[in-house]
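What follows is a structure written as structure tokens; I'll ask about it next.
Lettered A, B, C and D in written order, each chain numbered from 1.
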Amino acid sequence: MNNLILFMGFGLSLVLVVATFVVWLSKDLLVAILGSAVVSLVASIFFLILQAPDVAITEAAIGAGLTTGILLYAMKKAGRYEDD
Amino acid sequence: MVSPILVIALSLFFAFVIPLLGMVSKKLPRLVPPLAMLVNLWILITNIKFVSRGAMLVTTAGLKPPIAINLAIDRFSLLFVILIQLIGLLLSVYYLSQDNRDQRFYMLFLLNILGASGIVMTGDIFNSFVFLEILEISSFGLVASKKDRKALEGGFKYMVIGAIGSSLYLLGIIVLYLTTGSLNMAEIAKLMPHIPESIKLFAALLLLAGIGVEVELFPLNAWAPDAYHGAKDEISTQLSSIISKAGIYLAARIFFTIFNGFYALKIIFYLGVITFVIAELAALMQKNVKRMLAYSSIGQMGLLMLILSLVAKRGDVFVITTVILLALNHAFGKGLLFLSLGALSGGNGEYEIENLGGNGRANPLAGFLFTVGALSIVGMPFFFGFWSKISALISLMKTNVIYLIALVLVISLVEIYYYGNVIVNLFRGEGKKYGISIVPAAVMILFALFVIVFGIWPHPVFQIAQSAAVSLIERTTYISSIIGGM
Amino acid sequence: MIRKIIAFLVVFYFGYILYSFIAVNFPFGERPLKGVAAHYVDKGIEEEGATNIVTSIVTLYRGFDTLGEVTVLFLAATGLGLLLAGMKEEEKEKPEPTLIMETTTRYLFPLVLLFGTYIFIHGHLTPGGGFPAGVVIATGYFMMFIAQKQFKPSEYLLSATESFAGTLYVIMGLLGLALAFSFLANVMPLGVPNTVFSAGIIPVIYIIIGFKVGSEMTGILAHLKEA
Amino acid sequence: MNGGLLFYGSSVFLMVMGIFIAITGKHLIKILLGIDLFDVGLNLLIISFGYVNGGTAPIFSKYPHIFKNVVDPVPQALVLTAIVIGVAEMAMGLAIVMKIKEKFGTCNIAKLKELKW
């Protein structure tokens, strides 16, 4: 693992931290769900860096794609804002 | 000889086939679970004579362990899997009388039993995680399937705690894999002396977090009263009689066979004592009978776990036998209590003591069965519970924790008080009469018969439990029969 | 507020313990392959014929786990259907999909299905396999749910595919039991590694998984959409 | 600057934040999102355990030429299983949440008082 990739990785980890805080602090669930999708996406890039392409594909398809989809459907039913 | 892996394969096959049958006729899916359990029991019973000393090895993928996953069945696991399938059979017969269920309910039920059996039969630690997840996810569904407020809340709590617990369990498995390079239970057990103490402790605690959810140990049992309270009566029976039994098996297998009676068991001991005392006192406070039964169930599990942890001090066959007897008593006695409570309350969810007043006199059969279950749980003579409680006291005496004997006796008095209170209430005053159809009544009578017959004549159960206990204690035989050479 | 701060401190303290424990005991990237992993890497291709070692672990060496995993998904689809059955549908104003969306998805949909098929057929050669393939197919249906107003897959067909694929998986396992005395054994010829028709039962199992996961996930999405 | 800090650090951070959100979340979906973050962190941690310095992915697509220095394939197979199980759990949880919304009219745990929390 060379330094360039590591440098990129640290950059991505900043995205990860920001996205996690968005999930935590956002009162709007739509934003929180998209934050968790971003976390899954960054994780899937990390899997690729860690030489696990199978896991990366699966995480991108399931974690970032499908989970977001079912969460959005559920949110439509359960209400968009945290306070109600 | 019929391969025991068919127990899992055929259950899965039956579960997958239910939707296809449901397209043919609405009545067919109901018949599938009893059929599956009968076939499974037949397979297991034909295998009894092949399981002698050590464990029976069943490979998958045509490769020997530790390369591929294998099942490892010794007498201890055989006893538990037969118990699980037997109670599953009784419950599925119970469901035969109710014809308004969604076919998907039967699928969940079948997969729930499958998960419990898989946990008991597998010889691979990651495989046990997969089966644990099957067990948990189907339990959330079963608990929430009543679809009223209490059931949904109970199901959600169970889900949150179960999800976190099983993730920690997975982390524990990975830690063991990283240090030993294997996922096979026997191989890990063989390499256990080479693992550094700190890693051992870390892995044991993580695994305990996953198992603790199932066996309802103190900080992890917040879901239990709500889930028991919210679920239907049959599902509460299933939670107490099947799911917690699979948890006990897993605890025994991991902390004896793999960790070889590791000192982390000290933690289980203290958690068990805390669970036992707090839950029984909480049961005393309850006005709601079902919640009371739930707390009493947690208390029993606490007692069981604390006695299980005592074996760490001395590899004592008698103590394990006690654990098995307690588990059997809990499975049949508590199952009977939940089922007969359902019959007493007419299935309309009124479990408050005052609402039930006189219902025992109005429904004499259900009242009688409830009394039988309660007497067995508190440990009255001539009931099976008596023998398990006596052996619990002897175990405590043998392992030099005398002060706990006083505690167990005091708590027994507490139990007698709160169960007595409910029973007296049941037979006082005018109650509401609910009809009970023949099939549920027959199932409850079978539960009661176990408790009464083996209460009067406990010898055969003692012998079976003892031979199962011996096979758990003989750890080296287990290991060498799976991967050879110790 | 105080509760939140305490929870924050406790959780971060445990996180710190976890981090320092793993950083000391399992230094990053320095653990040599040992035990079963070394065996899989050395002998994997000879024994099972798949050049993607992860695939041969998932479908054969630990195939029993994968059967359990498929069961978990089946369980989720079933449980979701059980819980959401008979939920009353609220009449809401649904936004009309635009013409562009409708047209693009109509042409994109077959391509997505084709891509999913490609992934599960080449599971033993390239990264991917049955699970992501099934999910890609389900995503294609998801796209159609969003963009086409009238689109509705037949529940009958979905449930039949799901059951049929599951049954077939178990039968593949039983075939191994019958022919090689071991559940899910690789009973078909291994062929030449690195070609499509190789690796014995691996492609067959991945095709089954692809169909099963695809129909289950589509079923989950359809249930959630209707609820 | 090393890989251990990056990957172990990010995964432990995700796990910690996930548990924290699950404990303190006010909305049921927020709690599920917390569990999801925890699972992603755990999966990342497991894959990082399997990394070998300078290793390549365990796919020998240039067969019969084989690189001997590959990363550990077993954690990858286990994580594949764990991801699928995670989504199954999430789907089940969401079904319960939707029913709760229908019965209680709210998903805010402060307002769910049928049983004591």
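Keep in mind that, in the parts below, a contact is a pair of C-beta atoms (placed from the backbone, for glycine too) under 8 Å apart; a residue touches a chain by one contact, two chains touch by 3 or more.
What you are looking at is a predicted structure, and each value in this text was computed from that prediction instead of being measured.
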| item | value |
| --- | --- |
| Comparison of B-C and B-D (more C-beta pairs in contact) | B-C |
| Length of the line joining the C-alpha centres of chain B and chain D, rounded to whole Å | 29 |
| Approximate Å spacing (C-alpha centroids) for the pair chain B, chain C | 31 |
| Whole-Å gap separating chain A and chain B, where each centre is the average of the chain's CA atoms | 38 |
| Whole-Å gap between the CA centroids of chain A and chain C | 19 |
| Contacts with two or more other chains, residues of chain A listed in rising order | 1, 53-54, 58, 62, 66, 70, 74, 77 |
| Where chain B touches two or more other chains at once, by residue number | 126, 130, 133, 137, 140-141, 144, 147, 178, 183 |
| Per-residue multi-chain contacts in chain D, two or more chains | 2-3, 7, 9, 13, 19-20, 28, 45, 48-49, 51, 53, 55, 57, 59, 70, 74, 76, 80-81, 83-85, 87-89, 91-92, 94-99, 102 |
| Graph class of chain-chain contacts, one of line, ring, star, complete, other | other |
| Pairs of chains in contact (touch as defined earlier), listed by label | A-C, A-D, B-C, B-D, C-D |
| Chain C to chain B touching residues, read off their complex | 21, 25-26, 31, 34-40, 47, 60-65, 67-69, 71-72, 74-76, 78-79, 81-83, 85, 156, 159-160, 162-164, 166-167, 170-171, 173-174, 176-177, 180-186 |
| Touching residues on chain B, where the partner in the complex is chain C | 3, 5-6, 9, 12-13, 15-20, 23, 58-63, 66-69, 102, 104-105, 107-108, 111, 114, 118, 124, 126-127, 130-131, 133-134, 137-138, 140-141, 144-145, 147, 178, 180-183, 187, 196, 198-199, 202 |
| Residue ranges of chain B touching chain D (in the complex, touch as defined) | 126, 130, 133, 137, 140-141, 144, 147-150, 152-157, 159-160, 163-164, 167, 170-171, 174, 177-178, 183, 226, 229-230 |
| Contact footprint of chain A on chain C as seen in their complex | 29, 52, 54-55, 119, 127-129, 131-132, 135-136, 138-139, 142, 217, 220-221, 224-225, 227 |
| Residue numbers on chain D that touch chain B, as the complex places them | 19, 22, 28, 31, 35, 38-39, 42, 45-46, 49, 74-75, 78, 81-82, 85, 88-89, 92-93, 95-97, 99-100, 103-104, 112, 114-115, 117 |
